[in-house]
Amino acid sequence: MLAFILRRLMQSVAVLLAVGLVSFSLFRYVGDPINAMVGQDTPAVEREALRVKLGLNDPAPIQFVRFIANAAHGQFGLSYRTAEPVSRMILERLPATLELSFCAALFALLVGIPMGVYTGLYPRHWTSRLLQAVSLIGVSLPTFLIGILLILFFSVILRWLPSFGRGETVTIGWWTTNFLRWKGLEALILPSITLGLFQLTLLMRLVRSEMLEVMRTDYIKFARARGLTNRAINFGHALKNTLVPVITVTGLQLGSLIAFAIVTETVFAWPGVGQLFIQSVQFSDIPVMAAYLMLIGLFFVIINLVVDLLYFVVDPRLRGQMGRRAGAH
Amino acid sequence: MAASGKSALNKAPLLEVKNLRVEFPTRRGTLLAVDDVSFEIAAGEVLGVVGESGAGKSLTGNAIIGLLEPPGRVAGGEIRLEGRRIDNLPYEEMRKVRGAQIGAIFQDPLTSLNPLYSVGRQLIETIQTHLPLSAGQARQRAIDLLKEVGIPGAEQRIDHYPHQFSGGMRQRVVIALALCAGPKLIVADEPTTALDVSIQAQVIALLKRLCREHGTAVMLVTHDMGVIAETADRVAVMYAGRVAEIGPVRDVIKQARHPYTEGLMGSIPSLGHRSERLAQIDGAMPRLTEIPRGCAFNPRCGHRGQRCLVERPDLMPAGSSRAACWLHDPRGVGAAAVGELADA
Amino acid sequence: MSARTAFAQWLHHAADSDIWWSFKSSTTTVVAAAVTFLIIAMAFLAPVIAPHTPFDPGTLSLSDGLKPPVLISSDGDWSFPLGTDDQGRDVLSSIMYGTRLSLIVGFASVIVAMVLGIGLGLISGYFGGTTDAVIMRIADVQLTFPAILVALLIDGLVRGLISSDRHDEIATFVIIGAIGLSFWVQYARTVRGSVLVEKNKEYVQAARVIGLSPAVIMVRHVLPNVTGPVLVIATINLGLAIITEATLSFLGVGLPSTQPSLGTLIRLGNELLQSGEWWITVFPGITLALLVLAVNLLGDWLRDALNPKLR
């Protein structure tokens, strides 16, 4: 178990280094960092001096090590666009994105899994067919369109909910939260639904198909032959066996929620890191892009570790053998 | 050693299957997968059901435990357990019969157990579903059952997970699970097919011993005539959804009455006749969509007569067995009609 | 069994009554196929059937601006059936031209992803070892980032490398490349899996013994084997690619306003949504949703009908 975790940690570090390499290459070779820092008419000598000072003339491996060391300290340099420290820009906006992603994930899990279980257990029931049809529409609607339609109905026509911004927030230390004010919570509703809807339909369809598959297995048939109650079979035996793939996908989806927040934040003018990223793509603000990439990589690695640990809790077959990861792709 | 001479006839039947029909609606029309099957099993008796795959033997077993997979359904006939009709019970009533009165063993022990729960948990869960025992008592019973099926170190092994057992050991666990609540009948569907040949004999011997000790009757579904010969008291031979012949196992083996059984027996290798080529039946069992008129076996039968092409034979007495073949027509009409085309 | 007979068999299998039957018996699928066909026809016949040429500035008149759709307008003028935007462009014609662009980008990026994925999958499976490890690790890492993010990164990168005025000219190609690069992994994995299965079969060994190139033999056997799954992935990816392009365009990093796809149209309309001019957004939105829904339905049906083990 310990060996397994250590190995996974090593792999995580490797993935982070790989992402770091991409970030570094972006940072170093796309555009010239010096141009962004100095004026057009700065003489070449001064530029060269700045290069030496910033270590841009050092061999690439040394620069990479320095980049990684700085990244580990949260230092990503200055934004080309605003000349602010990138880390401060990200930190300011991170709470907004995390709170939004958290609410969206909660919405997707709490609604998606029960719907999947229901449609998996009663695939022929008309409500299941209806949910299945609606879910297909959910998968086919791009996130931004869902957001626009929600705004059209609930903000423009009905005027029930706000259509942009975080509403009222409370600042605790460096963290700003939506959760402590009614206006803040209100502002979370539409963006969370928008962001979570796709994951919800995905989860529902996944749980459904896993349920259907598990219900066909021999051990479920044997459980029936032993006369177990439907309750024990459906929730004790079937649901638990669907958990491994569900955990995998949920983990991956949580990671992508933070990235998908880019779209939702744009639609709802939500001041999160996603919006920051889009602005930096438009302005080719490389340091911000590089930092964002590292951030997403970090989230992904953390989530994957948690997912791996959850496998151990769920599947006894994994406890025996070190490191083999069943259920993942 | 199997047909130990004790006659099943003087006991009231434990299980009575009468004119059972199982249908599968498909888009090409409704398939009759089990057609007018009747047989009885006495208390403590082992009935072997043998036939090629697709003959309807597993479906008959599934119909008895009430677990036909949709869209398959019982379309006619009756199934009675100790005189009580069980084929039309509501799901919840039938659930209480399953496990408690009829146990089941499936083909593949590797997939019959839930991989995520320890065998103990699965045993205790089944015991507590059917018997009013406390958790501690149920655990003790589970350990006793594991000992009984020959699992060494049952006290420790009870907390192990299925993947920690070998195939043969898992099938022993499955047998323990089937015996949990002391059922009167076990439907064993190809219980040894998925196992190594060396382990098959052990598992069959175990099943036989346990059932004799507990007085449990067994419906042993298999395509392996050898297993039947060794284990069963009586045997039912199925062909294309119907019973071709049924009778005491020794008589059926020694003197088959149905031409199909005859062919089947000819395909068992026997010691001492090594040089002889095994007999085989030409052709293959028809698909359910293409069952011929008259006797389903007629295209492959060496004794086929005019009548066999037109009229379907029911089971009729033939020695100590009963066979669905016009050769045994009590009025002698069938036999007469047969001769004409025998060589054609 | 030569490659040709294998392929013929697959074709035969595909044209087998089972598939045709499952197509005919599913009303949804027939409707989806019809809708897809209609939208494609509408898009590609746009220059012929569109009532206006919305992106020819000469034909535009600001006095036609912000006309509501004919059903809710007071004058009942049928010259702009779905209304106009703030520039006086006919929404219906914009949709026709926009759909055409969305479809072109969608199909082209699927082809890019397919060629790239099949190629890398064959290489990865055939050579194994380090090559395989490198390709598959890249695939793993890329899979952890959503396609939209990968496409955004590639787009941002290109923006950093070339000047912005040139960017508009090649925007379409950049988008096709970016989306294609973000969807290759699934093809590669499928093909690689199939190669690994075939690699150890006797005929490949036998081919090696009699001096035939196992690579050629395998390509000829593997490709027909994966045609079904690849077709399914491609159909499902077509929907995703169209959504991705629309999203990128909506975010303002996709196709420029001079060549608006459905996503661009929705973005332009979205700016007017708050003031109540909903039709500029909603009609392109409906078209996009219908198109993707129909393609997804076809993909779902195809997957069930060919029933390859896809995750």
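Brief remarks on what is shown
Going in written order, the chains are labelled A, B and C, and every chain counts its residues from 1.
One rule holds for everything that comes next: contacts are C-beta pairs under 8 Å (C-beta built on N, C-alpha and C of every residue); 3 or more make two chains touch, one makes a residue touch a chain.
Worth saying up front: this structure is predicted, and the values here are computed from it rather than measured.
Summarising the inter-chain layout, the chain whose CA centre lies farthest from the centre of chain A is B. By the count of C-beta pairs in contact, the leading chain pair is A-C. If you average the CA atoms of chain A and of chain C, the two centres end up 24 Å from each other. Centroids of chain B and chain C (each the mean of its C-alpha atoms) stand 54 Å apart.
Taking the mean of the C-alpha atoms as each chain's centre, chain A and chain B sit 54 Å apart. With touch defined as above, chain B holds no residue shared between interfaces to two or more other chains.
Only residues 65, 67, 95-100, 103-104, 106, 108, 111-118, 125-126, 129-130, 161, 163-164, 174, 177-178, 180-181 of chain B touch chain A when the two sit together in their complex. Residues 137, 141, 143-146, 148-149, 152-153, 155-157, 159-161, 189, 239, 243, 246-247, 250-253, 263, 266, 270, 273-274, 276, 278, 281-282, 285, 288-289, 292-293, 296-297, 300, 311 of chain C are the ones touching chain A in the complex.
Looking at the complex, you find that chain A touches chain B at residues 217-219, 221-230, 232, 236-237, 240-241, 314-317, 320.
Across the complex, chain C is touched by residues 15, 18-19, 26, 30-31, 136-137, 139-145, 148-149, 151-152, 156, 163, 252, 255-256, 259-260, 262-263, 266-267, 277-278, 280-282, 284, 286, 289, 293, 296-297, 300, 304, 329 of chain A.
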